[in-house]
Amino acid sequence: MNDIIIYKNAIKNSMHYALEKNKNSIIYGIGVTDYIGIFGTTEGLEQEFGSDRVFDTPISEDAMTGFAVGASLGGLYPIHIHIRADFLLLTMNQLINSAAKYRYTYGGLFQTPMLIRAVIGRSWGQGAQHSQSLQSLFAHIPGLTVIMPSSAEAAEKCYKYAVMHYKNPVISFEHRLLYDYKFNKNSSLIDQNNPFDSYLVEEGNDITIVASSIMVQEAIKASDYISKYENISIEIIDINSVSHPNQTLILNSIRKTGKLIVADTSWLSHGLGAEISRMILETDVTLLKKPMKNLGMAQATCPTAKKLEYEFYPNLKDLVVSIYDLHFGTLKGKKIPSEEEIVYQYKYFKGPF
Amino acid sequence: MQLYEKLFYEALKIRLLEEKIIEVYPEDKVESPVHLSIGQEHHIVSIMEPLTNKDIVFTTYRSHAVYLAKGGDLKLMLAELYGKQSGISKGKSGSMHLCSPEHGMMGSSAIVGAIYSHSIGMAYAQKIDTSTNNITLCITGEGATEEGVFCETLNFASLKQLPIIYIIENNGLAINIPIEVRQSYTIEKLAKAYNIEYHSYEDSFDMLTINNKFSKLVTDMKKSPRPIIIEIHTYRYLEHVGISMDYDKGYRTLNEYEAWYKRDPLVLNETLIKRYKNKIIKDIDDAINFAENSPSSFKDELLTDVY
Amino acid sequence: MNDIIIYKNAIKNSMHYALEKNKNSIIYGIGVTDYIGIFGTTEGLEQEFGSDRVFDTPISEDAMTGFAVGASLGGLYPIHIHIRADFLLLTMNQLINSAAKYRYTYGGLFQTPMLIRAVIGRSWGQGAQHSQSLQSLFAHIPGLTVIMPSSAEAAEKCYKYAVMHYKNPVISFEHRLLYDYKFNKNSSLIDQNNPFDSYLVEEGNDITIVASSIMVQEAIKASDYISKYENISIEIIDINSVSHPNQTLILNSIRKTGKLIVADTSWLSHGLGAEISRMILETDVTLLKKPMKNLGMAQATCPTAKKLEYEFYPNLKDLVVSIYDLHFGTLKGKKIPSEEEIVYQYKYFKGPF
Amino acid sequence: MQLYEKLFYEALKIRLLEEKIIEVYPEDKVESPVHLSIGQEHHIVSIMEPLTNKDIVFTTYRSHAVYLAKGGDLKLMLAELYGKQSGISKGKSGSMHLCSPEHGMMGSSAIVGAIYSHSIGMAYAQKIDTSTNNITLCITGEGATEEGVFCETLNFASLKQLPIIYIIENNGLAINIPIEVRQSYTIEKLAKAYNIEYHSYEDSFDMLTINNKFSKLVTDMKKSPRPIIIEIHTYRYLEHVGISMDYDKGYRTLNEYEAWYKRDPLVLNETLIKRYKNKIIKDIDDAINFAENSPSSFKDELLTDVY
């Protein structure tokens, strides 16, 4: 019991740490100071550190993003939080035209370190405008560092590192279903010197799964599930940083297994799976023995009805089926997870956001 | 039916429908978050009343009241909320994106402020079509005015003298954050800065006065097209999203609520409630049955209407 | 001489056609009515069709994009023009959260046909914020149709089709260096029934080049250049629609040649080359005989100094070198284009935008 | 040097520098588009004069005047424009993104309106650092105020009472489009709507009056931090981007220009021109030589400073 930490508490720890250890850090965003406190991750911080350093803002995402650029130039370390990543679409101009480019454009005379936290996720019929997972839009842009911490350890270590050591804008996507996930407090998968790096979650020989965010957890579940029925050895790599994937780690794994599944939270076109494909085909066209599998959102807007939402997002079953297909070339006689096993916790998620 | 009764009836329908949603919500049949209008129904019906089906409305995620008051259908709506193929949008939109094109309700956005610009686009289409004199209504909360696009559209609406009415429902809250933390301006002075006519309706419960003033304004506007802002002072009874009261959370007091509640015609006017409640409840129950008995959205809808 | 048409005049034709044939069309944007008229493509239109249908706007890109959504719902066909694609970053919320999703979210009850024209480009030291080529950000999003007409024919036919027949939002990127390019008036490479489709520009057997926008012209130049010295048969495919590439056409070509260059105008990460790689690896891992070549902008912000800008953008030399490398595995003894041949017209471009 | 002479000297330097740019531009040595300040130099020097190096300035692509008036170096600037490794930013920024961190010039954006929000961020950093009383200046054209983010930042600046001065250079034009086509509001009324102090400087040529008023304001603001808007009426002599006059293009008249030109102190005051011109020209020529003789940006800079 003492060895358990839930995701949101790990994040809360890192936020507290930020305010305590980096006197220049500030945390702000819509809902940061209210009783919900961004799924609890900012709870109590205003009371402890004061309203100058922790504050709510008007509903003005564009201004409050450029604010981060200016505050950063002024020596502060801004942490700007969005309760839904969809709202980042109002901030693209500042993130891409200003934050990503400030350092380079001025020949290194400036830096604009900052952390943008944005919540992504599925379930609860959030529909078209409250369900998007926009990491690829940012990973396309030089100058932006895009991370998707999939565990308590990753979140806490990445954020502490960002706040204390990293000199560039970081955009982090947190999956809302992860907040209540339980993790082992003593996990140490993350490289202390480069916490954003991709890392090995499980070692295996038959199939490589490169996953992001909650799909890492789904991959672990898939591996566990299959291990009960079949002898397939699965290697799981957490991409962790979508903008800076560890090419060596990934290619070595594929070199070993020859089979690849990329499981991401967003759309496939121009997405993470595409990027990994490029990495492969630019390097060695003989690495893959079988066509790769790409899991992500369906090629549509997110619908609200559960029946459709269920089809829309990639899930445990998709992973298990992909693994069987790659390994056996057939599903015949294979055990597939039941709907109850599949929907697990995302069926019961009820907000508040 | 007399005008007041008609307005009352429509408002009561919204109230009872949303109370029904509260009742069934824990059963998990409504397949999306809900932003209820309870406490804010009155002015909506007063404002929808003088509009034709060609007068266009855009609104937000808090769209149940507007949908019904503009002529929307209970059955279609509930089927939509229940994630059914027979819903307004085949279960794809859920509670936050109600629409009813044939009544001129052209959509609801869950992105705060997004509809300001949709509204000027629509009003522009109306304006350059000189064969008609339809108008556009854009209904948002006061919080949405903090998005810069609000000012961008005021500028454009004023420049082109578009036939648009901005209805600003000022309930003093954006989610749980009070207006004082967010706004250094008044809508009235902003309107003035853009040379836009401004009206304030101080009591959202006063359905007749609002309806009266508003109807005159609409008639006048159809003769002299121009942008207008109306700010309506109102109050949200429940939490921002969801079905509960939240006066225990410390950001507002029960007193505040009670001051509104004890004046609420939808509570006080027992005569009219008695007269219409049963009929409405029956309609709602029929709609619930319709929703329950409709098939879920068809799987193969997942990839339709993308392109 | 009579058989020649320049790109900008083809676009101007299509704009004129739009206003004439589709009485609901309107054209607007910053600079649409001034004496420059978006590189001449909107010249004289306000005078001919009136200020209700052709107008300049305040500098309010966000509002004027949502305006297009509303106008479209109101029965108009909006054509919104941006003199630089970088400004689209202010319009992402409306394009992605509204325009892309309107039709789907409401179960098909609405459509929001519109055309967004945005100018991309290189040269003249336009630097960090006036040089981006953002097609991949939009191609990631279901509901958006993204085109990059590379010729007079493509531009004219695509726009006429969009305005008269197509019921979804189209985002088109026009390369500023193309405006003065001369094309054969009688060219007929475009499929009349589906003008957005990818198409074959040159047939060949040894190497496939999939290119977008001006890189198609560069590919043609590279092919011409090489044909003077070597016997290499190059197949060139114009992707034309970045969001809807013709998979069959592309894969069949690669099946034939086994060698692939993707030449795009933007960054590589999560870009067009990545997307083509995904298409390949999901289908058949044996298609490519050699590692693919991806050409695009360097992994940096665009610098202004000519010396750096020259390195930043992909050019004729990069294409020629890639072709030699794929075909011969060496550059030894091969003829490489001189700097003068490479910079051709982009060296001399001088605005006005 | 007397105050007026000092201001005049600085303004003349900008004028002569930009005239030199016009002269050399056809040689294609300046490796980026240029947005010249000619006609708009006077007020800039008046406003920069009372500021310290810790008072921060953000401005736009039209940044030459601000760069020089804030203390920027001619050599570094010209080397930057010439695309040289010895330039301010090693040739990466060109004309549109000048900066001089040690003088408090923190950057220039080519995206209209982008710096409004940078400025409130900086002013916020200044405000919560109670050990100092530095201020931020945000200098844009009047066109930029049409971006919604302008209003968003006014709201925030007013809410937090930030030490920020918005300088709005009203030259009546955004590229070639006159203000009447674009604006239904006045900056003055907008300021009022947000409870922000407003000042109008009617004649941008009146360097002493502007300097005088502005210096007092800065002194006062450093005691009582608050947001302020100053609108300055000014005139752009040349085309929006580039080195030519454009009175033949039909969107404005030569008369308009002449009315300004014949009052222009940088033309009229022959005594002072005579006194300083040669010295300035020499400095400029030195800078040009420096730029010409510096090596081009190093190729391996292409991938530095990305992360």
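Letters are used for the chains, namely A, B, C and D, taken in the order the chains are written, and counting of residues starts over at 1 for each.
Throughout what follows, a residue touches a chain if its C-beta (ideal position, glycine included) is under 8 Å from a C-beta of that chain, and two chains touch if they have at least 3 such contacts.
Note that the structure is predicted; figures quoted are calculated from it, not measured.
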Any chain touching subunit C and subunit D at once appears in the list A, B
Which is the least count of steps on a path of touching chains running from subunit B to subunit C? 1
Approximately how many whole Å separate the CA-defined centres of subunit A and subunit D? 42
Inter-centroid spacing, subunit D versus subunit B (mean Cα positions, whole Å): 46
Determine the centre-to-centre distance between subunit A and subunit B, using the mean Cα coordinates as centres, and give it in whole Å. 35
So the centre of each chain is just the mean of its C-alpha atoms; given that, what is the distance between subunit A and subunit C in Å? 31
When you check subunit D against every other chain, which residues touch at least two of them? 87, 90-93, 97, 109, 111, 146-149, 152, 155, 159, 181-183, 301, 306
Can you list the subunit C residues in contact with two or more other chains? 57-58, 60, 62-63, 86, 90, 93, 97, 104-105, 127-129, 142-143, 299-301, 303
Indicate which of the five shapes (line, ring, star, complete, other) describes how the chains touch one another. complete
Contacts from subunit D onto subunit A in the complex sit at residues 56, 58, 87-93, 97, 99, 101, 106-107, 109, 111, 114-126, 128-129, 136, 148-149, 152-153, 155-156, 159, 301, 304-307
Note: in the complex, subunit A contacts subunit B through residues 30-31, 33-36, 56-63, 86-87, 90, 124-130, 298-301, 303-309, 311-312, 351-353
Contacting residues of subunit C [partner subunit B, same complex]: 26, 52-53, 57-58, 60, 62-76, 78, 93-94, 97-98, 102-110, 142-143, 145, 168
Touching residues of subunit D toward subunit B in the complex: what are they? 146-152, 154-155, 158-159, 181-186, 189-190, 192-195
Complex contacts: residues of subunit D adjacent to subunit C: 31-33, 83-84, 87, 90-97, 109-113, 143-144, 146-148, 174-177, 181-183, 239, 241-242, 249-251, 296-297, 299, 301-303, 306
